[in-house]
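What follows is a single structure, written as structure tokens, with notes after it.
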Amino acid sequence: MISIQQEDFDPGYEQDQLSQSTGTGAVVTFSGLVRDENLGDDVGGLYLEHYPGMTEKALQEIIEEAAERWPLQAIKVIHRVGQLHPGDRIVFVGVASAHRKAAFEICEFVMDYLKTRAPFWKKETTPEGDRWVDARESDDVAAKRWNQE
Amino acid sequence: MISIQQEDFDPGYEQDQLSQSTGTGAVVTFSGLVRDENLGDDVGGLYLEHYPGMTEKALQEIIEEAAERWPLQAIKVIHRVGQLHPGDRIVFVGVASAHRKAAFEICEFVMDYLKTRAPFWKKETTPEGDRWVDARESDDVAAKRWNQE
Amino acid sequence: MIKVLFFASYREKLGVDSLELDQMPANLSALRELLSAKGADWQEVVNDARTLVALNQSMTRKDFELSDGDEVAFFPPVTGG
Amino acid sequence: MIKVLFFASYREKLGVDSLELDQMPANLSALRELLSAKGADWQEVVNDARTLVALNQSMTRKDFELSDGDEVAFFPPVTGG
């Protein structure tokens, strides 16, 4: 259900695993990739640090909250750590539900909470040197909308 | 970009195709599957009819509208027609964009419009006989929300 | 000549998927009248408030003029996806 | 004894990823005071309004009592995903 790993993953395989129940009508997946550009600078690489132990626990809590709010049938969250390069997959969230509205909402909810509550940090390599990526206010805004419903 | 076909498709392959640009930071996919149950009845099969020619045109228009509204980098829409069975894939919408908010919105927008504007019709096989699936008001509501923004 | 198409439950109800009209109704309203005259089922199908209409493979909610070679389709609300 | 962890830019700024305190501050506030005394960088890190705190691997925004064996982490806003 949750995997923190250095190695790459196969979104196609993960999606197949989520589509096994004949009660499932909708599978929504999100894959995050390393872009070669951020805030106007070239990005040559990305190093992902995390807080082992807490990471899994934080993701588990996010999934449990999603399962309380929506009719969740299956979910997989994968997050890579360590050194990555442009084009590499960073994160995968795949969700199965009976209907599409719930599947979309769960997937967005998990990503919004992951972005603000799971202890991962990105460090970018740019021509001006390495720099820790700043948290984005838009991510806070995205996460907060789920409190208002 | 658009494919109407009887045969199955491979979501993993499609997703890989959408992840080719190093400017892409987010790939969101939706897969719709045949459920074995609808409105309380067992569903043994699903027959999908469409309006050849108009189907492709309608999907093309939906994609063009999405591309006007959001920074869309790549998109693939696949819809199967003919006889399907529980667990079979029906539809795939995969979207690539620089950021996740746009990718999620485009994918939902395309699905909402496809559900209300693309000429496909489902006929279910149930123990009580075959029946044409009724349009759902919730799909109209979902599509209308995009007018208000 | 214009071509008229029916899909899904309408196709089944009328037992017709496609017909060609040599008469040229001036517009959609006139076409609806012409088809309604073919019987109660036809009247229901073309006048149902939920019926969707496409002219040359684009959905439209307005009346329109008809020209030679046009393709008009009547169908129930769509249920794909 | 309690364990204190620092991550990402804080870890680099302090040059410390983990330390064990034999002294037992009573609560988070007391721990903050104790760490602040170690220098200007420490004071900034533990008192920055944006600093996130986790007690035993759960984030919390409130003060809390400390017990023997607790693990407290200080880190900047998260940027995964």
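Chains here go by letter, A, B, C and D, matching the order in which they are written, and residues are numbered from 1 within each.
To be clear about the criterion, a residue touches a chain if its C-beta (ideal position, glycine included) is under 8 Å from a C-beta of that chain, and two chains touch if they have at least 3 such contacts.
Worth saying up front: this structure is predicted, and the values here are computed from it rather than measured.
K.L.:
Where centres are the averaged C-alpha coordinates, which chain has the largest centre distance to subunit A?
P.N.:
C
K.L.:
For subunit A versus subunit D, what separation do you get between their C-alpha means, in angstrom?
P.N.:
26
K.L.:
Averaging only over C-alpha atoms, locate the centres of subunit B and subunit D and give their separation in whole Å.
P.N.:
The answer is 48 Å.
K.L.:
Can you check how far apart subunit C and subunit D are, centre to centre, with Cα atoms defining each centre and the answer in Å?
P.N.:
71
K.L.:
Quick check on subunit C: which residues sit in contact with 2+ other chains?
P.N.:
Residues 81 of subunit C each touch two or more of the other chains.
K.L.:
Could you list which residues of subunit A touch at least two other chains?
P.N.:
32, 100, 111, in rising order.
K.L.:
What's the complete list of touching chain pairs for this entry?
P.N.:
Every touching chain pair, ordered by label, is A-B, A-D, B-C.
K.L.:
Where on subunit A is subunit B touching in the complex?
P.N.:
Going through subunit A, the ones touching subunit B are 10-13, 15-16, 19, 22-37, 86-87, 89, 98, 100-101, 103-104, 107-108, 111, 138, 142.
K.L.:
In the complex formed with subunit A, which residues of subunit D make contact?
P.N.:
5, 7-9, 11, 50, 54, 57-59, 73, 75-81
K.L.:
For subunit A, which residues count as touching subunit D in their complex?
P.N.:
Listed in rising order, the residues are 32, 48-51, 53-54, 57-58, 61, 79, 90-91, 111, 114-123, 132-136.
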